[in-house]
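Same chain, two partners: subunit A is paired with subunit B first, then with subunit C.
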Partner chain A sequence: MSYTLQFGQVTDYIPYLIGGAWISLQIAFLAFCGGMIIGTLGAMAKTFGGRIVSGLTNAYVAFFMNTPQLVQIFFIYFALPDAGILLTSYEAVLIGMTLNAGAYLTEIQRAGFQSVHRNEMEAAETLGMSLLQRVRYVVLPHIARVLFPPLSNQYILMTLGTSMAAIFGVEELTGRAFNINAETFRSIEVFSITAIIYIALTLCATFMLGLFGRYLFRAKMRLL
Partner chain B sequence: MWERIVEEAPAFFTYYNMIFLLQALLATFLLSAIGCLVGFGGGFTLAVIRRTESWTLLPFRISGVVFTEIFRRTPFLVTLMMVFFIFQIANIDISLFTVAVISVCFIATAFIAEIIRGGFDSVHRTQWDTAEAMNMTLLQTLRYVIVPQAWKIILPPVFSFFILFIKDTALASQIGVVELTYAGKVLNNKGFSAALVFGSILVLYFALSYPLARFGALMERKLAPTGNR
Partner chain C sequence: MFKKLMQTVIAAFAMVVVLSPIAVEARTLDEILSSKKLVVGVNPTLPPLGNYNEKNEIVGFDVDLSQKLADMLGVELEVIKVGSPDRIPFVATGKIDYVMGAMTRNPERAKIIDFTVPAHTEVFGVLTTEGKSYATYKDLDSADVQLVQVRGTTPLKFIKENVSKAKVLLLDNYPDAVRALAQGRGDAMIDVIDFVGEHMNKHKDTKWKVVDAPVNVYFCALGVAKGNSSLRDWLNVALFELHRDGFIDTTWKKWFGIDMLYSVSPSPYF
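Moving on, here comes the complex of A and B:
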């Protein structure tokens, strides 16, 4: 094996890669926020909905949790134009990731919703609180502490999952790594720098989410 | 969209296309199954190494931690590309399937090591101390005290990791491994409409993953902790 690593050619591109990392973070953050909205509604539907509503939610969750995100985005990106819906690659990836995250976050939040004691829900109902008020003032404050660790874990996994966007030509971190690789042919160097940026990103995210969770929600979390 | 699907369906659901898809499904299954089996062995070894206390093994402990952190925090796609290009540059001629299996092994080792470490930690500290007080070696402690209690905690998340990887190996299509997603791309390039092809691929993945997920949930319920910890 006679290969000399030459980082010199690649180091010039580091600002370009970090710009890509910013787009990765954007995708992860937007998809996570969208997923949280779907997830909360889904968990509400599963807990308080009637048979039809919770059945539909179950079907949605089962479908998105048991098929690969990549193929879901393939479907959105390549099959929906047949039905007259044209999406840019960024939009397709974002929608795919949001729907996928929605399913996982529904499943995470459902466990929390079910842990709230029955008596408390009945008490809130007796006080004349509407469903949204009950969720907002009774359920969410209770479960935030328990759910924060699994939710932040999911966020980290989603940050890694954004690398999938590269396949559709979105120029985020991995996409830009592919570009540089095509220009310089320094594959090992490019992808090792990319990996280091991902590791740094997720380490920062773990640390900050850990601090946030510890002091805001008093969750039991490891900082590193 | 519907007319096109109905129109193409007879040409799509032919005997040879179905064989092709089923072989691809088998490749998807094998990819994650082999990866997770090897990963279980590797992860167990790493978790045991992290439990050792002697100073001479300190470098191994540190490299174990570094290994898990690196592979848990790098996207599968990037790992796949790294392994792919390293083999290319080293001029070692192995099949693309092997490249994908090796990448899955690395990632599975890292994730499963973390799961098993959590399982070991779930056994109460006093039991570790008692075993040590009875002059048991680390391996004896694991064999007679820890594993009989911890396997119930370890097995369900390892199984859900395996199911997760059935889906994540879809990314291996990017280096050209003929698994289910790649088969979909091939059929799509042959001219079948994307809705039909990727719809069938989604159904096949679902058919593979859903029963396994139900089995995992059942196992988790059956193995629920007995509360003597």
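Moving on, here comes the complex of A and C:
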């Protein structure tokens, strides 16, 4: 292949790409936080809830884990306006990713919730702790360490998953890479720089999460 | 040994003869009539002008118009697939009798090939919905205008240079962009409006409006080889008749789903 790499035409756009990476990070972080709240509530509902509550949670998890995220966001972005709900691109992507993450994080945390010994829960109950207190003081400290690695994996997957926001007009990293590609036709250069930024994003996230897990939960995390 | 060498030499010579560019003259009208075949270049990547159908045949407005012209001549039609970079060399070397595919007349092209009278137009303009009071594209150059465009298309350059104050929502493809406009996600779209007609028709409740003053109108004609006046003169007369009897307008509506936005007013003098 005789192709001359011309990074010079693309390097001017690097700040523009990094601006996009910042938006990608924002979406991933906000969706992950929202997803954690839904996930914790979902895991509580599945473990301690009655038949109806856990049935509803199961239905939610089954629906969001067995349909593609792209289809879910497509529905929120293009189908809801026909019902009078018009969300901006950013809102639609954020809500879609949060609901999707909520389902996966429910499943991850449910496994943790069920790993807590029945005796410990009964002991807490005997001490007169409410359900929320039991989750806060018994379950979460117990499972944080075990669940930290799968949760940080999910976070990394979500950072990469933000690339589909480009389809809905959010100018994040991938969207901006497409724009530059259409302007300069320097596809190899544009997408290799974009790939490097993504790698940097996820490596930084892995490293930070590793440090966080080591010192906060004494989790045995590999740093890189 | 010698025999083998001779064989190689002969084979090499044969290759040179076959592969060497043969100077081909464009076919005159007489030659087309006597060969009983009209050879036309159509670009199959420009629906609805040209596109492959499920049987892998090229169909579209360009094919229907060419079929009509072949019928008028009383000859068979042969459609040859051409692309944007090779279509002018195809006509210039006589591989095809004329070329179509949104062939906008312009002085650069007219140095190399000859053009007939316009076959159709294309309006590069502003698509919006009723109730918006834009009179020209210049009214869009304001921070409270939200444009909806398709990522990676040529109008983006025009927007950057001329209506840079407007906000732009970039979507992935034309159906999505037109739907977003119909759902009220934006105020307007700048593009070649004729080509989004089929997507506009899918949103029956939306009252579409094309801003009266177009940004530009492209006149698209049939391109024939330089100096092939016998063919061009006949095509001019035929196109004049097809404009006048409504064949071109009807065929346009059949393929594009909307009337030609800027109709060609056929002039009898050319």
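Quick notes on this structure:
By our rule, the second predicted complex is superposed on the first by the 222 of 224 C-alpha atoms of A that agree within 3 Å, B and C clash if a C-alpha of one lies under 4 Å from a C-alpha of the other, contacts with A are read in each partner's own complex, and residues count from 1 in each chain.
Keep in mind that, in the parts below, a contact is a pair of C-beta atoms (placed from the backbone, for glycine too) under 8 Å apart; a residue touches a chain by one contact, two chains touch by 3 or more.
Note that this is a predicted model, so its numbers are computed, not measured.
Looking at the shared chain after the overlay, A:G175 reaches subunit C, while subunit B stays out of its contact range.
In the superposed model, A:Y198 lies in contact with subunit B only, and not with subunit C. Residue contacts after overlaying the shared chain place A:A62 against subunit B, while subunit C stays out of touching range. In the superposition on chain A, A:Q72 makes contact with subunit B only, while subunit C stays out of contact range.
By the touch criterion defined above, A:F29 lies against neither subunit B nor subunit C after alignment on the C-alpha atoms of chain A. In the overlay built on the shared chain, the residue A:L86 is in contact with subunit C alone; subunit B does not reach it. With both complexes placed on chain A, subunit A has more residues touched by B than by the other of subunit B and subunit C.
Judged by the touch definition given at the top, the superposed model places A:I167 against both subunit B and subunit C. Comparing which residues of subunit A touch subunit B with which touch subunit C, the overlap comprises 78, 81-82, 166-167. Across the interface of their complex, subunit A is touched by residues 1, 4, 69-70, 73-79, 81-82, 85-86, 88-91, 163, 167-168, 170-171, 173-174, 181, 184, 188, 193-195, 198-199, 201-202, 205-206, 209-210, 213 of subunit B.
Touching subunit A in their complex are the following residues of subunit C: 151-153, 156-157, 169-172, 176, 179-180, 183-185.
Interface residues of subunit A facing subunit C in the complex, by the touch rule stated above, are 78, 81-82, 86, 89, 166-169, 171, 175, 178-179, 181-183.
Every residue of subunit A that touches subunit B in the complex is listed here, in rising order: 1, 3, 62-63, 65-72, 74-75, 78-79, 81-83, 156, 160-164, 166-167, 174, 177, 187-188, 191-192, 194-195, 198-199, 202-203.
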